[in-house]
Amino acid sequence: MLNDIWVLMVEKGWTLALLRGAGVTILIGVLGVVIGLASAIPLAILRWRRLPVLSQLVDAYSIVIRGVPGLLVIYLLFFGSVDWVQKIASAFGYADSAENAYPFIVGIIAIAAISCAYSVEVIRGALQAVPVGLLEAARSLSLSPRLTFFRVTLPLALRLALGGINNVWQMTIKDTSLVSVVGMQELMRTAAVAAGITRSPLLFYCLAAAMFFAMTAVSQILFNRAEKYFNRGFSRR
Amino acid sequence: LVLMAAMGFARADDGVLRVGTEGDAPQFSMADANGNVTGFDADIANGICAELKVKCKFVVQTFSSLVPSMDKDRFDIIISGLGITDERMKKIDYSIPYATTPQYFVVPKDSPLVGLKSLAEIEKALAGKTIGVVNGTTYAKFIKKHIPTADLKTYDATTQQNSDLGTGRLDAAFGDSPTWVDFLGSPDGANFARIDVKVTGADDHEALGYGMGVGLRKSNTELKAKLDAALCEMINNGKVKAASENWFKDDYTIPCKK
Amino acid sequence: MEDASIMSPVLKVHELRKAFGATSVLSGVSFQMRQGEVISLVGSSGSGKSTALRCINFLETPSSGEIEVMGDAISVVQNERHETEIVNAANIRVFRRRIGMVFQSFNLWPHRTVLGNVTEALIYVLRKDKREAEETALSALSKVGMADFSHRYPSQLSGGQQQRVAIARILAMRPKLMLFDEPTSALDPELVGEVLKVIRTLAGEGATILLVTHEMRFAREVSNRMIFLHKGIVEQDAVPEELFCNPASEAVNRFLSSVISTAA
Amino acid sequence: MEDASIMSPVLKVHELRKAFGATSVLSGVSFQMRQGEVISLVGSSGSGKSTALRCINFLETPSSGEIEVMGDAISVVQNERHETEIVNAANIRVFRRRIGMVFQSFNLWPHRTVLGNVTEALIYVLRKDKREAEETALSALSKVGMADFSHRYPSQLSGGQQQRVAIARILAMRPKLMLFDEPTSALDPELVGEVLKVIRTLAGEGATILLVTHEMRFAREVSNRMIFLHKGIVEQDAVPEELFCNPASEAVNRFLSSVISTAA
Amino acid sequence: MDLSIITYAVPFLLVGAKTTLLIALFGVGLGLPFGILVATARTSQVATIRRCADFYCAVFRGTPMLVQIFVIYYGLAQIGFIRHNAILWWLIGDSLHAAVLAVILNTGAYTAEIFRTALLSLPRGLIEAAEACGMSPWVIFQRIKFPLALRQALPSYSTEVAVIVKESSLASTITVLEITGYAKRLMSETFAIMEIFVITAVFYLVINVACLTALNVIERRLSFEPRYAR
């Protein structure tokens, strides 16, 4: 038994393959969430301010992206654009690099678009929950809208949004498995291939789960720190 | 390094034939930890490339993205044990069929079903029973058509189907011969036996198709002609037979009829 | 210019109206304030005092009326389609720079320390550097006896302490016009005396102060003029002595007589 | 039993101590209240008045001391390992059923209307049915002049109106012991007179009332005894006349003299 | 797009949609109370309860749902004891039951996180006011904490509902024939991958838009006048 595992993991090189997959997962997950979050904040503000038209557009975007399976988002993004990207790239003589890098780029864009749609709702909810009085205090001190937002609204809203952002991150890191449809060998796909051809599904899926768990455990520590930081001043005692 | 590993694509220059394959189908298409593909499909692909005097470049992708990817010119052909059916031919073109595997039902060893003698008997005996098949095949259609009262379960992978056989969730499973040789020979399969009724495409071409072929984009007649010729050559010179016997311990070659 | 601004009123409120849905809260309030004046806005609970203050710096948009601060005016009109239209809305920022406001419920920022609450606007509006802002903040805090608490968070303060920080937050900004909404509601008599002194000093230094208060004695002490608000209109606008000795209406009379009976 | 409870004190606070981290706020407060008594807790801002009230119904856990309400006691001790240990913690619920509290910051529930805020505890603590609860609530609301606002949400009320709802919320419960934390801070003189009357009626009906206030005149009017808190200890505990005419210490004297000077 | 594919696929997918809705309904109906329970456990004073709940959340949020559903359906079925226990086997023996169980356990962990932050962010004073009235912890939770936390949590929770609907598609990996289950079968039959994908996505989109709109309406209904807070 142990010997079998040794052969599989070391001699056949699956450990390395899984780690490589984990690297892709982390890279795409982190980039996706960071880009998604960064673009979600301005969009959430549009929603929160109820700017006509723009707010409805953001709403539609977020409902559609949250409403359809992530796989389709990637499918459409990738297969819908790959033709003309290929053409443009060839025109400039970068056909090879485009073909090589494009799945990766689309993967990140798709993951970012998905996590952004989720983050928009989380942040909007948090923005709405900030007590109006505290914003009025800032306004009456003639802090500019921008400053009011960055110095008062955002810190208070982030405190409320933290749990939701954490959820989005945990979801996104696992959503990265979707990029396998454009040919990227991330962790889940590597595990699936290994499970299929070695006929040890339980071993490989559990290994993949353990790796995901390790990633989220590390991130959980960071989130706990952030929670402490944002909660300063709130608890009596 | 990660980046490089993540995108194993090369350009379709002359001299390179890009082959899309699943990579996680035992015996057919198996990608190892470094992305090298082996198996029956790989042998067929390499054989074709040798005939055409080009280099094979494998692209390993999930089953559901194979067809759209080929449509978008991510690779030129699909060799992934694709069964040829009329339905599927609406979407992609096929080469001539080069092999076909017979299908069998598998049931617990101590079941009275083991001794059944014909497809008609099986159809009667399995009415209302729970039957498993694997996705990516057309067997579901076959079962639906022939045993409409059966409770049909579709699995993403053979191992999952076999696991449910083991736990008694399935009364029977329907699949191709290579899978069963593999399963019945393993410790898990010790309590099971196959019903010795060979089901082939000939029993129902509409549901079970005409055997395996190489998939390619629609109306790529030039390539199709080349592939057909290459396959025919391989069938005739016994390369397909060798590959089949190597991986399946049996010869499933379909003769080439021009 | 300078001269003109001294002569012209610092604050001019003209026919200010405000309704929340169907309930009309202010129905045509007008008054003026000259530089250095201290005016108390008094009246029974719910008479619209807080609303009036909040309309002056446009935290609440009036339903109609005109407000002029140091020569710049914003007016609100109802257009043909019964929509509220703000003329010169750009002036709102200008107004708020000139006006400081202490809220009835303090509204301290819970995520900032006492010092942070006070320095925030100094650094980001007046663009003082950090050290200078802290000095200014500490001197404002010590005027209300809160310098020792500068590193506490608002949730760790007593009610009166929070109120004093809210006052210091405005003092440090030295706005031309200050609006105080019940600045002594949570303060003990000793501190009320302190605030009284602070307000007098500020007025002496040229600030103009409009305050809402329920403490008639405090109002009488501190203010040059008192405005009695009743059911959304100005019932009396007079110097304190006049208001107390010569109430203009039954409502004012009843209000003041209860002050005296409670004090009995 | 009944007789005994009338004879024995309704509230007994013994050696109550409370520290937040290193800062000690209450350092041994003791006093007793008999049924029907009204006691005002006065003292300068930050002297620990709110903290004392909050310790009595254990919203704040005292660092040590004993509190007895109508014969049931809870005591807090520091055990060998310097941990705070509550003896008879089960009594906390009993205490809170007997004690009603009006908060300095009102703490109305924003998601419930005025009526909902008042009926909530009637229905879910006293188990009245809905109609009965609403009747009781409306009669309590009309005592403070808020019956007309019963369908508003707290955010639609003025400061004074919120405070009156907070008072009505407790009146409706008719607890044996009531704690008021500055119940008149946002009220105009007329309403202060009303609250004065209400408190007298309640006391006449046998309720025991402990209130914190900054309005010395109000305290003098309403209370049987006044307790002056200074730096966490009881500086004086006497009938109002005595306190005003015969202050026990320099601190009391200074505090009271500032009342008089403000009033001047 | 080939129109005949649509007429061929839609009847199957409609049948699948019923199962998807069923799973989602259970996911929300049982997952929400369960998640709230876990959230309160995570804010509990008792360290053991808190740690257990934390651990559960960490595991179910930290691992892919696919793995969870596999372990529950295939993994647990390997254990003889479970196979021979009628109640347990009822729970995981049937693929639909196992799928519902997996969805509830998974959404429970995410829901718990949403409600935990919402509960923690409630202003202390409002809860103190309830405590001071002598309300029991249960009443405080039911009447004060929960309604306030719900309002705060709804935007995030509506997202979670959409996720439940979509994650229910993983039930297809354990042979449940919901929308995706049928879609996979149709795809392997026809190879009209793109077309069937898009039709399937439209199904999910319709279900989710209905859910999200309903939750939006609830959110607006529940929001009390937020203006004029001072």
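For the reader, a short list of remarks on this structure follows.
The first chain written gets the first letter, and so on, giving A, B, C, D and E; residue counts start at 1 in each chain.
As a convention for this text, contacts are C-beta pairs under 8 Å (C-beta built on N, C-alpha and C of every residue); 3 or more make two chains touch, one makes a residue touch a chain.
Remember, it's a predicted structure, so these values are computed and weren't measured experimentally.
On a Cα centroid basis, the chain most remote from chain D in this structure is B.
Interface comparison, A-B versus A-C: the higher count of C-beta contacts falls to A-B. One simple way to say how far apart two chains are is to compare their mean CA positions; for chain A and chain C this gives 47 Å.
Taking each chain's centre as the mean of its C-alpha atoms, chain B lies 82 Å from chain C. One finds 46 Å separating the Cα centroids of chain D and chain E. For the pair chain B and chain E, the distance between C-alpha centroids works out to 36 Å. For chain E, residues touching at least two other chains, in rising order: 74, 124, 151, 194, 197, 226-230.
Counting partner chains per residue, chain A has residues 75, 79, 133, 136, 159, 201, 236 touching two or more of them. The residues of chain C that reach two or more other chains are 20, 50, 103-105, 107, 155-156, listed in rising order. Interface of chain E with chain D (complex): residues 123, 125-126, 128-136, 139, 143-144, 147-148, 151, 222, 224-230. Partner chain D is touched in their complex by these residues of chain C: 20, 42-46, 50-51, 104-105, 156-161, 164, 181-182, 185-193, 196, 214, 216-218, 221, 254-256, 258-259, 261-264.
Contact residues on chain D toward chain E in their complex (touch as defined above): 54, 57, 59, 93, 96-101, 103, 105, 107-111, 120-121, 124-125, 153, 155-156, 159, 169, 173. Partner chain B is touched in their complex by these residues of chain A: 12-14, 16-17, 20, 23-24, 27, 75, 79, 82-83, 86, 95-96, 99-101, 103-104, 180-186, 189, 192-197, 199, 201.
In the complex of the two chains, the chain B residues touching chain A come out as 1-3, 5-9, 11, 23-26, 30-35, 59-62, 64-65, 68-69, 71-74, 157, 159-160.
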